[in-house]
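In what follows, structures are represented as structure tokens.
Heads up, the next two complexes both have chain A, just with different partners, chain B and then chain C.
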Partner chain A sequence: MYLKELSLINGASGDEGRVRDFIKRTIQDKVDEVWEDRLGNLIAFRKGTKGNRKILFAAHMDEVGFMVTNIDEDGTLLFAPVGAVETQVVVGKQVKIKDSIMGVIGFKPIHLQEKDQLLKPIRYEELRIYIGARNKEEAQKMVSIGDYVNFVTEYRQNGRRASGKAFDDRVGCSVLMDVIDKRQRYENDVYFAFVVQEEVGLRGSAVVVEQVKPDVAIVIEGTIAGDDPGLEKDRWSTHLGEGPAVTFMHSGYVVNQKVFQAILSVAEKHGIPHQFRRRTPGSTDAGRLARTGPGTASGVISVPTRYIHSPVCMIDLEDYANTVLLIEKILEEGEVFAK
Partner chain B sequence: MIELIKKLTQAYGPSGRESEVQKLILEELSDHIDGYKFDAVGNLLVWKQGSSGKKILFDAHVDEIGLVVTNITDKGFLRVDAVGGVVPHTFVGHRVRFPNAVGIVYVEGETEEERKKNWTNLTLDNMFVDIGAKSYEEAKSKVPIGSFGVYDSYFYQMGDYLVSKAMDDRIGCAIVVELFKRLSSCPNTIIGSFSVQEEVGLVGASVAAYTFAPDVCVAVDVTDSADYPKAFKRHSMVLGKGPAIKVKDKASVSNRQIVEKLVELAEANHIPYQMEVLTFGGTNAAALQRTRAGIPSATVSIPTRYVHSPSETVCLSDVENAVELLIQYAMKGV
Partner chain C sequence: MNTKELLVQLSNVDGPSGFETLVLDVIEPILQKFCDRTWRSGLGTLVGEKKGSGKKKIGIFAHADEIGFVVTKIEEDGFLRLETVGGVDPKALLAQRVKIYSKRKIVSGIVGTLPPHLQKEEHRSRFPDYDRIFVDVSFDEAASEVRVGDVCVFDVKAIEVNGKVSGKALDNRAGCASLLLAAEFLQRMKHDSDVYFVFSSQEEIAGPGAASIAYELRLDEAIVVDVTHANVKHSVYPVIKLGEGPAIGVGIPVDYGFYKRATEIAQKHGVKIQTEPIPGRSGTDTDQVQITSVGVKTLLISIPLMYMHTPVETVDPKDVEETARLLALIAAE
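The block that comes next holds the complex of A and B.
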């Protein structure tokens, strides 16, 4: 499992280079071919024994984060989110600017807040990053407009649970790297795409179809859990510990019915615990892969992840292991995807 | 043609689950086409070969809006999310049809305040579906999570108006089917795309156009009709004045040459028509025109009252005139 290493690397959308280098270094001797494309996607290929069909697995390398947009006279930084991050999860959090300079996201202390402040969501305009600079000139020596900003979060493992930043979608990357590690050759040609810029609008995956022309694509995601005491059980999306989540529909795309049923039938045949992703908001690269070029029958399998798009995410390690297992079995049972 | 419209609108076909409708269309068309295929995302593509070397694609989406089951309560009630642009109000007290059950859609509320609040701020999050199941297990066996449902709403005729669920866009499907049936010895190659998943985000259309790389595309879809009490003031479309030639909606501007050709053909053949500017909404034309290196595209619409409700209402003469206009365009459009 490479989740710890991947989680600690900083790589918001458009800044995936370090993630890509790590993945490339780790997998290059274990696949038949690996290349980077013009948008920065990393695509690996393992030839099949028969090679009748091409199966593509995709996970995105980017994480949500921020970017410095301006520097104030007092040396604090104004910033904007890269991908969807709500302000409520960022106040008071430690961040790192251009992978080197520590900062903290500040807001007025509770003592100085007006009575009804806590009821109102904060706007990004009201927040600043403090990097210890005393004025604008000092700050300008340390950072520039356009520098990326990432959360600083330790990775922890505690029994069945792991927590850290960027599990959406480093967990998908790690799962695919584990599958690559088995060095198994299957009947079908297998492609592994580690794509860029998912969080800002499913951009990287848009150029993968043209390069691979897959028959089937399966996106591996860290998806919302929402198994929260504040929500009734029948409003949860997924529940940690109940196995990988299979998507029937999400925003902008109804999962190809054959792919959906093939995933379920493999899970059932091999007794792999699984659950449905039981809410439809949010989208994945499956929607982009489906509608690009000649079209691709696409599906989604997710590792349920709590608190995504925040400084710290949490997964269940058995869900993770079962996701790896499910993918292996899908590849072994390649015939279930027969056209 | 009324029987065809009835058959297609009554069929079950929410986004992503369109095969029943496509099967009916294929049965209707089997003697009138030179070939067909289903592509990677499930579009049904049919064609009639011409000799001019020009290709025209007529698109109608087969899917309709609906609900998808996301959760089941311990007592056997269903939780649902929207499939496409669902207005929750249109489902309250109404029925939803799943492949193996029919359910009643209603609103939660444990106190008077909560009930009032929920009815005022209606969302699917405070609604549920009752299929008469007495337990989680019973509900799950009939309507498993991930099942798709559509309005359970019958077809009827009201003078020369036709009323049903799913006129959006089975009326377009019926028009394209009829076009193929009536078309004989057309110089141009005519492609019909019965596209999937329009309602969730124009998924099928871009793929359909990619496959054939046609010279022009015409989407056939419904549009708003502003002829009921206090209907949308800025819209001019009404039932009975003929098919609407779309100039613009929120997602696309119709190719001007196609628009002018359609107007010219309608005038020359005395086919009633009206011009359309829709201030919201969009059709597959938006996806078609951005496919490959770009394909000139436009939309011919059927003015429809109460779009995205169980009682979408169209006028039969508009439908007939749309078929006539599209036949002219198929013959002489390129």
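The block that comes next holds the complex of A and C.
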């Protein structure tokens, strides 16, 4: 499992270079071919023994984060989210700018807030990053407009659980790297795409189909759980510990029935615990792969992940292991997509 | 002592109001090096005594406690509810890691948040208050150790931000650090007054820590060292700036003569200071200490601090050092 390393690497959408380098370095001797495309996607290929069809697995390398948008006269930084980050999770956090400069995001102290301000939602324009600069000139020597900003979060494991930042979708990247590590050769040709810019409109995956021309694609995600007291139980999406989640539809895409049934049949045949993603908001690269070029029949398998798009996400490691297992079994059942 | 390292060390140790022992355990061995003797009061306050010629008794106070939380409810599936110890903005708590001090183990928790995908207008239009905020301890195998009444703190390690130090509890560990540095300074100075360094408890809930020890010691004078809001414009007050030296309070809970003396000493020795007007309660231990026994002549010195009561409280070590220098100069005068 490479989740620890991947979680600690900073790589918001458009800044995936460090993630890509790590993955490339780790997998390049274990696949037949690996290349970087024009947009920065990393695509690996392992030839099949029969080569009847091409199966594509995709996970996105980018994470949500921020960008420095302006520098204030007092030396603090204005910033905007890259991808969907609610201001609810931003106050009181340590951040790193351009992977090197430490900063903190505070807020007007509680003592100085009006009573009605306490539970009022915050707008990004009210927030600043403090980097210890006395004024604009000093700040300009340290950072530039356009620099990326990431949360600073230690990775931790305890028993069955792991927590850290960027699990959406470094969990997916790690799962695919584990599959590559098995060095197994299957009947079908297998492609592994580690794509860029998913969090900002499913952009990287848009150019993968043209390069690979897959028959089937499966996207691996760290998906919304919501199984906590923040929601009524009947509104929970996935449950940690109940196995990989299979998506039947999400925003903008109803999963191709052939792929959906193929995934389920393999899970059932091999007795791998699995569940459905029971809420439909949010989208994945499966939607993009399906509407690119001639269109690819795509499915989604996810590791249920609590508190995604926040600095501290959490997964169950059994769910993770069962996701790796499910993918291996899908690949072993070479003809499952022929039906 | 290296000020930055001391600040980091004191920030990282946990001690919400009424639970200061771990903090005092870090402070006491350092204090012992610079004092004739140290002891702890019945209410959990640490005192270091440094005898002069007995001309008068001066106490230098810093509260050792920090804001925090207490577990109020344990729910099914590994979730807890909290209430605050002292004032904590709920906005600073979401998506944080916390530590819960159960009897046998420290349990790690996460304050969970709803992902944007599942949020509706009702979630976005109002910040969750403590009725809605929950802690997820399912992460920790020792979660079942947690009991109602266990204390809880932000789980964050202090960092350096361009020469400044940022972390939790620097309100008032910055003050504690300045007392230790002042005691070290005083080693090399001759002083007539008996000096008492007091690390008090329960300031964040306006508790009895400081006043009771001021009574016990029969002090003539007291200097309270706390923190004040830096780099923020509010109401009619001047902006106190980080890195521009300690802020000396002038007003109700402060003895005017003592204030004048402090500013003159600062001027004479080139200690850069700022002035903080206090037209009423100060919200520090000064309020209580002043009216103890037959009255104590008080001075309030505040270290500028940004983002008070959040996990990213930020101070400039230079301000802490200058505060310490001024304290030693006043005590030795």
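By our rule, the second predicted complex is superposed on the first by the 337 of 339 C-alpha atoms of A that agree within 3 Å, B and C clash if a C-alpha of one lies under 4 Å from a C-alpha of the other, contacts with A are read in each partner's own complex, and residues count from 1 in each chain.
Convention: a contact is a pair of C-beta atoms (placed from the backbone, for glycine too) under 8 Å apart; a residue touches a chain by one contact, two chains touch by 3 or more.
None of these values were measured; they are calculated from a predicted model.
Participant: Given the superposition on chain A, are chain B and chain C in a clash or a fit?
Facilitator: Overlaying the two structures gives chain B and chain C room side by side.
Participant: If you stack the two complexes on chain A, which partner ends up touching A:V171: first (chain B), second (chain C), both, or neither?
Facilitator: A:V171: touches no partner chain.
Participant: Thinking of the overlay built on chain A, is A:Y253 touched by chain B (first), by chain C (second), by both, or by neither?
Facilitator: Once the two structures are laid over each other on A, A:Y253 reaches chain B alone.
Participant: After the superposition on A, what does A:V179 contact: first (chain B), second (chain C), both or neither?
Facilitator: Touch status of A:V179: no partner.
Participant: Scan A:L127 for contacts with chain B and chain C and give back first, second, both or neither.
Facilitator: Touch status of A:L127: no partner.
Participant: For A:G293, using the defined touch cut-off, is the partner it touches chain B, chain C, both, or neither? Pick first, second, both or neither.
Facilitator: first
Participant: Would you sort A:G282 into first (chain B), second (chain C), both or neither based on which partner it touches?
Facilitator: A:G282: touches chain C, not chain B.
Participant: Answer with first, second, both or neither: which of chain B and chain C does A:I105 touch in the superposed model?
Facilitator: second
Participant: For the overlaid structures, how many degrees, to the nearest 10, lie between chain B and chain C at the C-alpha centre of chain A?
Facilitator: So the C-alpha centres give an angle of 130 degrees.
Participant: When the two structures are overlaid on chain A, which partner does A:A267 contact: first (chain B), second (chain C), both, or neither?
Facilitator: neither
Participant: In the superposed model, does chain B or chain C contact more residues of chain A?
Facilitator: Touching more of chain A: C.
Participant: Looking at chain B versus chain C in the superposed three-chain picture, what is their shortest Cα distance in Å?
Facilitator: Value for chain B versus chain C, nearest C-alpha atoms: 10 Å.
Participant: Which residues would you name on chain A as touching chain B in one complex and chain C in the other?
Facilitator: 235, 279, 281
Participant: Could you pull out which chain B residues touch chain A in their complex?
Facilitator: 15-17, 39-43, 68, 70-74, 79, 81-83, 125, 145-146, 148, 197, 200-204, 206-207, 210-211, 287
Participant: For a test of understanding, state which residues of chain A touch chain C in their complex under the given definition.
Facilitator: Where chain A meets chain C, its residues are 74, 84-86, 88-89, 91-94, 101-113, 118-122, 130-134, 142, 152, 156, 158-159, 161, 163, 224, 226-231, 235, 237, 240, 279, 281-282, 306-312, 314.
Participant: Touching residues of chain A toward chain B in the complex: what are they?
Facilitator: Its residues touching chain B are 215, 233-236, 248-249, 251-257, 260, 276, 278-281, 287, 290-297.
Participant: Give the list of chain C residues in touch with chain A in this complex.
Facilitator: Counting only chain C, the residues touching chain A are 75, 77, 79, 87-97, 108, 110, 112-119, 124-129, 132, 134, 136, 138-141, 154, 156, 159-164, 166, 229, 231-232, 234, 243, 283, 306-312, 314.
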